[in-house]
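We just call them A, B, C and D in the order they show up, numbering each chain from 1.
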Amino acid sequence: MNANSFGKALVLTSFGESHGLGIGGIIDGLPAGLDIDQEFVQSELNRRRPGQSAITSPRNEADTVEFLSGIFEGRSTGAPLAFLVRNNDQRPSDYDALKDVYRPSHADYVYQTKYGIRDHRGGGRSSARETVSRVVGGAIAKLLLKRHGIQVIGYVSAIGTISATVDKSRITHKYVEDSLVRCPVPDWSDKMLNLIEETRLAGDSLGGVVSCVVIGVPAGLGEPVFDKLHADLGKAMLSINAVKGFEYGSGFQAAKMTGSAHNDIFRIEEGKVHTRTNHSGGIQGGISNGEDIYFNVAFKPVATLMKTQDSINTAGHNVIIQPQGRHDVCVVPRAVPIVEAMAALTIADHLLRSKINL
Amino acid sequence: MNANSFGKALVLTSFGESHGLGIGGIIDGLPAGLDIDQEFVQSELNRRRPGQSAITSPRNEADTVEFLSGIFEGRSTGAPLAFLVRNNDQRPSDYDALKDVYRPSHADYVYQTKYGIRDHRGGGRSSARETVSRVVGGAIAKLLLKRHGIQVIGYVSAIGTISATVDKSRITHKYVEDSLVRCPVPDWSDKMLNLIEETRLAGDSLGGVVSCVVIGVPAGLGEPVFDKLHADLGKAMLSINAVKGFEYGSGFQAAKMTGSAHNDIFRIEEGKVHTRTNHSGGIQGGISNGEDIYFNVAFKPVATLMKTQDSINTAGHNVIIQPQGRHDVCVVPRAVPIVEAMAALTIADHLLRSKINL
Amino acid sequence: MNANSFGKALVLTSFGESHGLGIGGIIDGLPAGLDIDQEFVQSELNRRRPGQSAITSPRNEADTVEFLSGIFEGRSTGAPLAFLVRNNDQRPSDYDALKDVYRPSHADYVYQTKYGIRDHRGGGRSSARETVSRVVGGAIAKLLLKRHGIQVIGYVSAIGTISATVDKSRITHKYVEDSLVRCPVPDWSDKMLNLIEETRLAGDSLGGVVSCVVIGVPAGLGEPVFDKLHADLGKAMLSINAVKGFEYGSGFQAAKMTGSAHNDIFRIEEGKVHTRTNHSGGIQGGISNGEDIYFNVAFKPVATLMKTQDSINTAGHNVIIQPQGRHDVCVVPRAVPIVEAMAALTIADHLLRSKINL
Amino acid sequence: MNANSFGKALVLTSFGESHGLGIGGIIDGLPAGLDIDQEFVQSELNRRRPGQSAITSPRNEADTVEFLSGIFEGRSTGAPLAFLVRNNDQRPSDYDALKDVYRPSHADYVYQTKYGIRDHRGGGRSSARETVSRVVGGAIAKLLLKRHGIQVIGYVSAIGTISATVDKSRITHKYVEDSLVRCPVPDWSDKMLNLIEETRLAGDSLGGVVSCVVIGVPAGLGEPVFDKLHADLGKAMLSINAVKGFEYGSGFQAAKMTGSAHNDIFRIEEGKVHTRTNHSGGIQGGISNGEDIYFNVAFKPVATLMKTQDSINTAGHNVIIQPQGRHDVCVVPRAVPIVEAMAALTIADHLLRSKINL
């Protein structure tokens, strides 16, 4: 079944493994005539890339995107866009020791159980390297959204126990990218960096929260029942490796509020409908209302540690896993472009879907 | 597009409005030969029904399910099961005053913007009455799951600011149903009831959290990338009216933990693979690992208040909305069977999908 | 899986059995604001109805369509349209004798093999009564097409060995409906009627060909590769009970022509692009080119005979089937509205899909 | 939308253009553990390749398939299989003269109208070179079918006005491949070759008919209503470039037969259910009955001629098209592996779908 496809009007189908030939995908449903700014796509990939800064995995991947189809004289033709990002820095032998081991809180055991066969090299299909495909798809989606004045900005709002206070209305891509941890407030950013460094020394790992704001979405995107805009956003985010939770607008906090405090009262401003507050997070009844869309995505700590861990092997015997390989202490900063990508794909999908109703 | 369908192998397609003829749906993909226990389906509907207890809306709906197709001599035939639950207690005139008004934090404004036409009677398609279809679909899914030894138990874990402490391993349907608010711990249940009563007197409303445990899911359900089991569960839950957030396993708390504290260490118990802890919530890499699946769903407070509220009308003028109609102070207890239904549909969908791999 | 759904942008999901409660469906994806002319829908159903003329089955079904949702003040709302046509003239006991018998060239044997359970009453889900749902869906699609100036006209071009010569450019609905066999040329119509009468006396049955012209389709509908407009039309037609073949434009005859005779040479007429001939049948490379679309659909003879037939029973023993029940000698005239309905659904689906590209 | 995907359980998504970087695709839903015999896949591609014999286009493509993902130690892993076949012998400048011309009975005009942009080089996405992707997908499907004892054999049954008489029960792959035109009966094969040679000298082109037999399909594949096995086969075939018609079993001939002549009488043979005749073509009520499946596919003559032709250009002026480029007089022999591939994909899709019902 199409388990490797995302979207209904704009469809990304993904392929590839951590230590196979590469990662790629096909984007179907993209309208013709869109300028495909390949430099922009590459710049988005660079934001996701390992080895981009002192705090990320030293795996050294150029991650160069190659478009295989669907572009003619720089523009989309209506035909599917296929792309490939080759794996260069493969070191499958790094993983030989893990061939017969089920690493804790990885997908090793469930893959073996589900498929009866497992590409153990770097997690194979379960590796977060798969998200390369999402970032390319999301970059194309962003090009479409840009034409409609829609902007997606993600940032790190928490790492481990450090939660930043961030004024959503002032965030820019520049503020985010100026921070090594992609937290737009320098003081908080520094605290997060310190925590990451401490944790590295302890051989341990960290999770965190990526927040995201989508600006400029017109009212009317999303569908009333199952394909609510936030339901599709939620699925998009939860499908990213290591994500454990999703909330939009007031989120889990809403559960503690009374209706009179929570309701967003309408008002007319410069002849247009707005709300005084935005607990709705820009979405009411599953459909965008023209206010900013915002949401939070919780990531668990990285499962690979630089410590020994108890585990079992495929024969069911107890084993001790020795630390090895190349890993981030905290992937949350690198998850920002992935969260943005999935948001862009979701919004672009609904933007195209909304045209059918016209 | 199929915005009113849920699932890929087991597909529920839903229809109906709050004050139309009724609510119904079609279930496609159900294997043949399943005993359709119509009394059980009705009992599930009764759990969702308004007017079932002192704390729910006085709308008086018998909510009797009528199956229209797909059953022969009490068993499924492989043909689609269609069903209809007629609306009886319709009072569309109750809503005349709201015809030209956009109620705060309702879907009135977005529907008008999206469609240019709006069935204002009780919210039309945006009404939570739509969930009748989910509960019937979920009941059929539960019958399928039961044959595979899988059980879905939802309960209320928080209402407003009151969060119950619940031992997941001891919950039973009976404990849940014995509580008017569907919180299985009597002390916490009483506190919640008190809060609901206080809030009713104040003309205000409440949100809360529904938690859910799925027991007996075999390892191997779910797909690696976009259709991760928890991503589909998340979409299922977020598609329910008033839901603002979803988390599974350790959820948002995971973001604050270190990897060494969070990792679920494997162990062999009676010859089978288990984990010492279950922060994974029964799902690793998007695929069930055989442990209990558990998750939380946050509901915002009911948007309809028994207080006056500022708003605007369709002409863009300020208006004051007077309280009227029949409404729950807190829908969270009635949301329990809906959460269970969507969980059952999702698990059943993946159960059937997993057969393709055999 | 969604085996009972047709279409991607405009989706008809169908349910019901010959001798169950009724036949119905859900239409999803219909744009809001369309006037739903229920009298027109009923008139289409009447064209399909048994008992409508001397040459059709005496089963007496009122076939009254009841809309269950999706319409407000006479117009579509963007919510799914559900409908139900109740079975009235059920005589399941007519079929008791066939309970354990596999009728030749019916679906009895394959249903039993596939599902292990079978609703034998009138063929259950395999009955052509299922097409009631298609006709209602098609009528709604025709209302949408009409707004875009598109008209679908089907007619009988052959019954048994009698093939009519018909000038496609002169066919009107009136000419078609004036003929009991729905052949628009009176002389041919009379010959067909005589053949049907002869065949009835012999206790035998007939097949035939339904042809169809779609006028006013703009250039640009259809997709380049798998979802070619004629591929979707072909699937639509082949999915109708008793259909054995589909051809469009020059069809099977094209295989015998040379390229120089077959190519449709472009010309400019009144400033617009046209072709001198239309062997393409209005579709080139899978995409409509603005010329009339036309195609032929072959129907096999009715499998139920008013003669004894050899067969086997479910125990594998030889049996002789006695003639019984109520059956058409030739269903081809009644198939005309069904062919039109499936054509209308297909064209409307692609009309909506084409909006995504804008 | 997913216009470039085929299948529901086994999904081929295709990409690529005639003169772009290459042609490829992603196969999703393939069960894990299947031996991927890459030599077999390559041999299937070789059967489709231009330049393979004296009667095919001299375009010289190695057409080497490269698998990009989804295979580990020679077997499928359950992850998507991506593949790429690079275009080598691209001569886009061959097509410069056609840049502003609409070739008769090609897709030039409709692409321009639909998309407003057109990759004119060799037809871009509309080129039959796209079928490379189908052949690779079909080869993988054949590997799956082989494991279930199912074999797909296509052959040429007519070229132009020459229709061969072929005994379906005696066809083998060897007989087919021994013929340059893939007609398994040497006498007919010779006549076809002569006709092709005559037509080449005249600068004209030919169509024809590919027939196909599928042996070993178990009873029970296919779905009752819209996804009838022959409806999906029909769509599969009609989606191939240049196809104008599809018929299965008795096909268009059925329309001329009486029911008593057409009905397939059941009989028991060696304890198994069979039919005396097979007008049903192995499919009853849309579901396979265990007999051989057979069908015919009509191809129009090649639209590119080695003669001058009248046409118009994009400015709407009359032009004369001069013969150029490299083209087959008749593509029907090369269409045989494509027809087989689409049949294999369709049967494999339904084979996997049937598992859900178990």
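In this section, a contact is a pair of C-beta atoms (placed from the backbone, for glycine too) under 8 Å apart; a residue touches a chain by one contact, two chains touch by 3 or more.
This one's a predicted model, so the numbers in the text were calculated from it and none came from an experiment.
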Top of the farthest list for chain A, CA-centroid basis, is C
A-D or B-D - the one linked by more C-beta pairs in contact = A-D
Separation of the C-alpha centres, chain A versus chain B, in whole Å, is 26
Whole-Å gap between the CA centroids of chain A and chain D | 39
Whole-Å gap separating chain B and chain D, where each centre is the average of the chain's CA atoms = 46
Check each residue of chain C and list the ones that touch at least two other chains.
-> 1-5, 8-9, 14, 29, 32, 78-79, 111, 114-115, 125, 224, 353, 356-357
Residues of chain C touching chain A in the complex = 9, 29, 31-32, 78-79, 224, 352-353, 355-358
Contact set on chain D toward chain A in their complex = 1-5, 8-9, 11, 13-17, 20-22, 24-26, 28-29, 32-33, 67-70, 72, 75, 77-82, 84, 111, 114-119, 124-125
Per the touch rule, the chain D residues reaching chain C in their complex are 1-6, 8-9, 14, 102, 104-107, 109-111, 113-115, 125-126, 130, 158, 160-161, 199, 202, 204-209, 219-220, 222-228, 230-232, 234-236, 238-239, 241, 244-252, 254-268, 271, 273, 275, 279-281, 284-290, 296, 298-305, 307, 309-312, 316, 318, 353-354, 356-357
